[in-house]
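Common to both upcoming complexes is chain A, partnered first by chain B, then by chain C.
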Partner chain A sequence: MPKILISDPTLRDGNHAVKHQLTAKQIAAYASAAEAAHIPIIEVGHGNGLGASSLQVGESLHDDATLLEAARKHLVKTKLGVHVMPGFATISKDIKLAMDIGVDVFRVGSHCTEADITQRHIGFIRNKGKEVYGALMMSHMASKEVLAEEAYKMQSYGADGVMLYDSAGALLPDDVEEKVRELVARLNIEVGFHAHNNLGMGIANSIAAVKAGATILDGTACGFGAGAGNTQLEVLVAVLEKMGYSTGIDFYKLLDACDLADREILSVIPRISSISIVSALAGVFSGFSKHVERISKEYDVDPREVFFELGLRKVVAGQEDLILEVAAALAGKEKRCA
Partner chain B sequence: MTSSSEKIKVAILGSGNIGTDLLIKVLRSPYLECTLFIGRNMSSGGMHKASSLGVRTSDQSIEAIVNDPDCCDIVFDATSAIDHKRHWAVLDGLGKTVIDMTPAKIGAICVPAINLDDCLIERNVNMITCGGQASLPMAYAIARTHPDVHYIEVVSSIASRSAGPATRLNIDEYVDTTSSALQYFSGCEKTKAILIINPANPCIDMQTTIFAKVEQANIEALRLEVDAMVRIIQSYVPGYQIILPPTLENNRIVIMVKVLGLGDYLPRYAGNLDIINCAAIAFAEKYAKLRYDQLRITNHESRITNCFSIIRNSWEGVDKCQKF
Partner chain C sequence: MSMMNFVREDLRTAVAGGATAVDVLRESCILVTGGTGFVGKWLAELVAFLNDEHGFNIRLLLLSRNPHTLDIHAPHLLCRKDISLVAKDVRSVMDIPEDVEWIIHAAGTPDNRIHASDPLRVMQVIAHGTGAVLEAASRLPRLQRVLNISSGLVYGPQPLSVSNVAETVFSGINCASVQTIYAEANRFGESICAAYRNLQRLPIVTARPFAFIGPYQHLDRPWAINNFIRDSLMGGPIRILGDGGKVRSYMYAADMAWWMLSILARGRSGTIYNVGSPSGITLKTLAEKILRITGDSQPIQVNLSHDFSAKRSIFVPDVSLAEKAFGLGLTMDIDTAIRRTIHWHREFTTLK
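For the complex of A and B:
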């Protein structure tokens, strides 16, 4: 049976959905359940990864060390992973700290056309003998050729694999298949896919990726994640098993973990809200949605217009400050028209 | 002072985006003369540009200065933070004044709008980072109007096309140096810097957002302080502008600025190149003026001394001294 490596960012991407307020207690509880279910990797931290707690993208309830230690204590076989975005996190301040705490797997991400900013970080982690993957975020914004070129750079820096992120939930299965296929053909390392469910394509896109040769998939308990959420992990594992792929996950224990997440972590069940459909059509990073909702209310402007304007300006992950500028400009325009 | 013999001689080390843009600014300066433009590869875009402008070039890196130490008084180091450490060891020995364009954090940190004069006695002056030059005057204005600043954070977005290989390789140093400089100029211990590279086409203009958490926000006083600061910055960075004046949102102070460049080497969107280079030129020109004035005073004194000895020797000498 062909094997798919499942990585579960419930405690990282899910943090977007609760404005980065996950508690150490919630993390500990889910980590234990994930260990029991034999989930291979869980990612933990602020929604934007190490060192990202900020006024720009939202402040974390706990610092990185507290979040990671809370999970570390409960993991034996399940590996502890983190997301790293150069420009937010640095080697000396953040990556070394994560290594000291005992993080096993690092995903070093950049906007999908900017892989060269990950060179030193991937190289450093590689030299320390840890597992390291490149992450090309917002992959709907580049052609398959550009993505393959950027992924190839990550391979040359020493990555064990490259993940394509559909950070805006904007891709359709045919897009995913085409892009993943190109990477698989070009690279001699693993290729994976990380979906968002804004257009209801989480499972379909993940399966399209596997069919095109991807061997790593991300999924979260109950789909807990930014925007409309991620691929719903328990559904993904069920579908993969039904299709004849093995994940090594104990399915009943996984369902237990998801029920626990439902009870203990999710204050709101992720759903495809009208705003998250617009966000995907505009091609804007899923993590923007909470900020857009708040700021649109404050400035009394239509959040849909804010998303489309942000989309026109081709904003990337981390440019949340522009929401304020766009909302203020829209509010000013309305005032002038009135 | 326009004759080239009176200009201060500068060498530019590094032929990337920063170095080449600096060259064009130096060529325009009435106080500075570029005597050597140094890279590592004669076929790079920057080297071609320099040759086409009639500037002497070398592909011998730091060795070019070691082999011809009299070629310049000032060296702009526009290489990378790692290389600057090595270069400074050499240039220090040669007695050069060095303007460090990399985030190497060795020299005195300089933001012309805040501390230009304090830096004139320094031999190694660090221009911090592009985001630092854009945000630090605003952070300083926040600190001057608020006694209790708990936290300052700055986020800069730059166009992918304007971020050369050294900028990308130095992204950790960028974050670290910008956040240290924020501590230095604001007196606030908790600071953070974030850099975003955006590949949109057409290219995005350089933008920087300054966030602060303070005990009690005084937006009115801050707006006045910011307006005054902007006028100072615009005297050396004409394209610096406020796009969101000090605003209190979600319990945080927010200020947003945009920097349009002069369009010297890269088009105007590359305000990040422009602001750090304009800052370096502001320093170099002030330094040059000071040196020139000192030189003139020294010359003047020596001529007077000379004149007195002539007078002592013969009264006819008085005629010769008339021009004084």
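For the complex of A and C:
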């Protein structure tokens, strides 16, 4: 039976949905449930990963060490993972700390055309003997050929695998299949896929990825994640099992973990709002949604217009400050035309 | 034991009393480009050995963009009067000291992380660097020979049906891919050599190196054997990317240095020689050997999620041309090479 490695970023991507306010108690509770369900990897931390807590992208309720230690205490077989974005996370300040706490798996991400910036981080982690994966974010913004070249860089730096992130939830199954197939053909390492559900394609895109040769999938409890949320983990596992794939997850215990998340973590239920649909069509990172809604309200402009303008400017994660500029420009334009 | 004495032991084995074979190098001056890289350091060790133990009295110039690396990794070489550093980018070489009679052009990095991230620089160093060195060499009054160190990758993917690739077997390279930048650049470098031989009658011989292992090769380099040794020395499991079915071969560094110097001294201009080990080994078997030697008890992690049979590859040279022409051979088999390399890293480097 073909095996799919499931990685669960409920406690990382889900942090976007609650403005990075997950508590140590919530993390401990979910980590414990994930361990019982034999989920292979859970990712923990600020939505944008290690060292990202800031005024620009949102401050965490707890620092990284508190979040990671809260999870670590409850994990034995389930591996503890973190997301790393060079620029936010530094090797000496953040990655070494995470290693000291006992993080097992690192995902080092960059915008999908900028894999070069991951070299030192991937190299350092690999040289320490830890599992490290590259993450090409906003993968709808590059062709399959460019993605394959960027993924090849990550392979050469020492990554154990490369994940394609549909950070804006903008891809359709045919796009996913084409891009994943190219990577699988060109690389000697694992290929995985991380979906967002803005266009209701989370499960379909994940399955398309598997059919194209991906062996790692991300999914979150109840779809808890940025924007319209991620692939709903409990549904994903059910579908994979039905299709004959093995995940090693105890399905009933997984449902228990998801029920626990529903009860104790999800103050905001992910749903496909009109803003989520617009952000996907505009091709803008799902994590922008809350900022766009808030700033659009402040400037009294249509958030949909803000999204499309951001899309035209091809903004990427980390450029959240451009939302203000775009909203102010639109507000000025409306004033002039009034 | 000091680093120098460790390396000397290896060189005594590699040269095996045959130092007179390179007698033409006595009392001469040799320039090595890429002088502080893996090949450059070993050539410096070999020249120091020939001078100290066989009275060759060679003067060696090591040209390097980053000469300080010698201070970090082989400080004993810096203290020698017979070895001098020339701090220069090979692309901007205009003049070579008039007393240089022999040149080993070893500039260019085989590190595929740099090939992927900085392909233009990789191409420029090889293409412009080779052109600059040969142009300057053409003005030398007593030039005896240039050894251009190319790459075994110029052949393109080795057919699985060919166990050892000879100097004449080419399968073609996809020149539209950045993954082949290094191979393409070296092909172009060889063509420049051919042009200078034709136009200027420069005496140029070419070596096509395959894979090596030994002291001075950093374990963070992105090659299977380095990573396996590093993983095992750190007490972790050896992780094989793929099913372990790829076939590679490894020549020990001291043999490599002796072969290179022998080809410089005795090679025929216009001739190309493979340099490497002709004994292929699968990566899985290699990992098992490393485990046995380090005593690491962790299991080997092989990736069985895919059928990797379509991605099998082989990279093993036929070295009979150099063996027959110069009576060369490998003095260290793969087990000894691994054992010596691990010994070196335990003794002289830190993995922390």
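Before moving on, here are some points about what is shown:
In this text, the second predicted complex is superposed on the first by the 338 of 338 C-alpha atoms of A that agree within 3 Å, B and C clash if a C-alpha of one lies under 4 Å from a C-alpha of the other, contacts with A are read in each partner's own complex, and residues count from 1 in each chain.
Throughout what follows, a contact is a pair of C-beta atoms (placed from the backbone, for glycine too) under 8 Å apart; a residue touches a chain by one contact, two chains touch by 3 or more.
The structure presented is a predicted model; accordingly, all values stated were derived computationally and were not measured.
Once chain A of one complex is fitted onto chain A of the other, the partner contacts of A:88 are limited to chain B, with no touch recorded for chain C. Once the two complexes are laid over each other on the shared chain, residue contacts for A:119 go to chain B and to chain C alike. When both complexes are overlaid on chain A, the residue A:250 reaches neither chain B nor chain C. In the superposition on chain A, contact of A:325 is made with chain B only, not with chain C.
Of the two partner chains placed around the shared chain by superposition, chain B is the only one that A:111 touches, whereas chain C remains out of contact. Touch criterion met: A:215 reaches chain C, while chain B stays clear of it. When the shared chain is aligned, chain B comes close enough to touch A:298, but chain C does not. When the shared chain is aligned, chain C comes close enough to touch A:157, but chain B does not. When the two structures are aligned on the shared chain, A:314 is found in touch with chain B, with no touch to chain C.
Of the two partners chain B and chain C, more chain A residues are in touch with B. Across the two superposed structures, the residue set of chain A contacted by chain B and also by chain C is 116, 119. Across the complex, chain A is touched by residues 112-113, 115-117, 178-179, 219-220, 222, 227, 230-231, 234-236, 239, 241-242, 303, 305-306, 308, 311, 351 of chain C. Against chain C, in their complex, chain A makes its touches with residues 2-3, 5, 116, 119, 123, 126-129, 149, 152-153, 155-158, 160, 184, 188-190, 213, 215. Chain contact summary for the complex, chain A toward chain B: residues 54-56, 86-88, 90-93, 110-111, 113-114, 116-117, 119-121, 141, 294-295, 298, 313-316, 318-319, 321-322, 324-325, 328. For chain B in complex with chain A, the touching residues are 151, 153, 155, 157, 160, 165, 168-169, 171-172, 175-176, 192, 194-200, 204, 207, 209, 211, 213, 243-244, 247, 249-250, 252, 254, 256.
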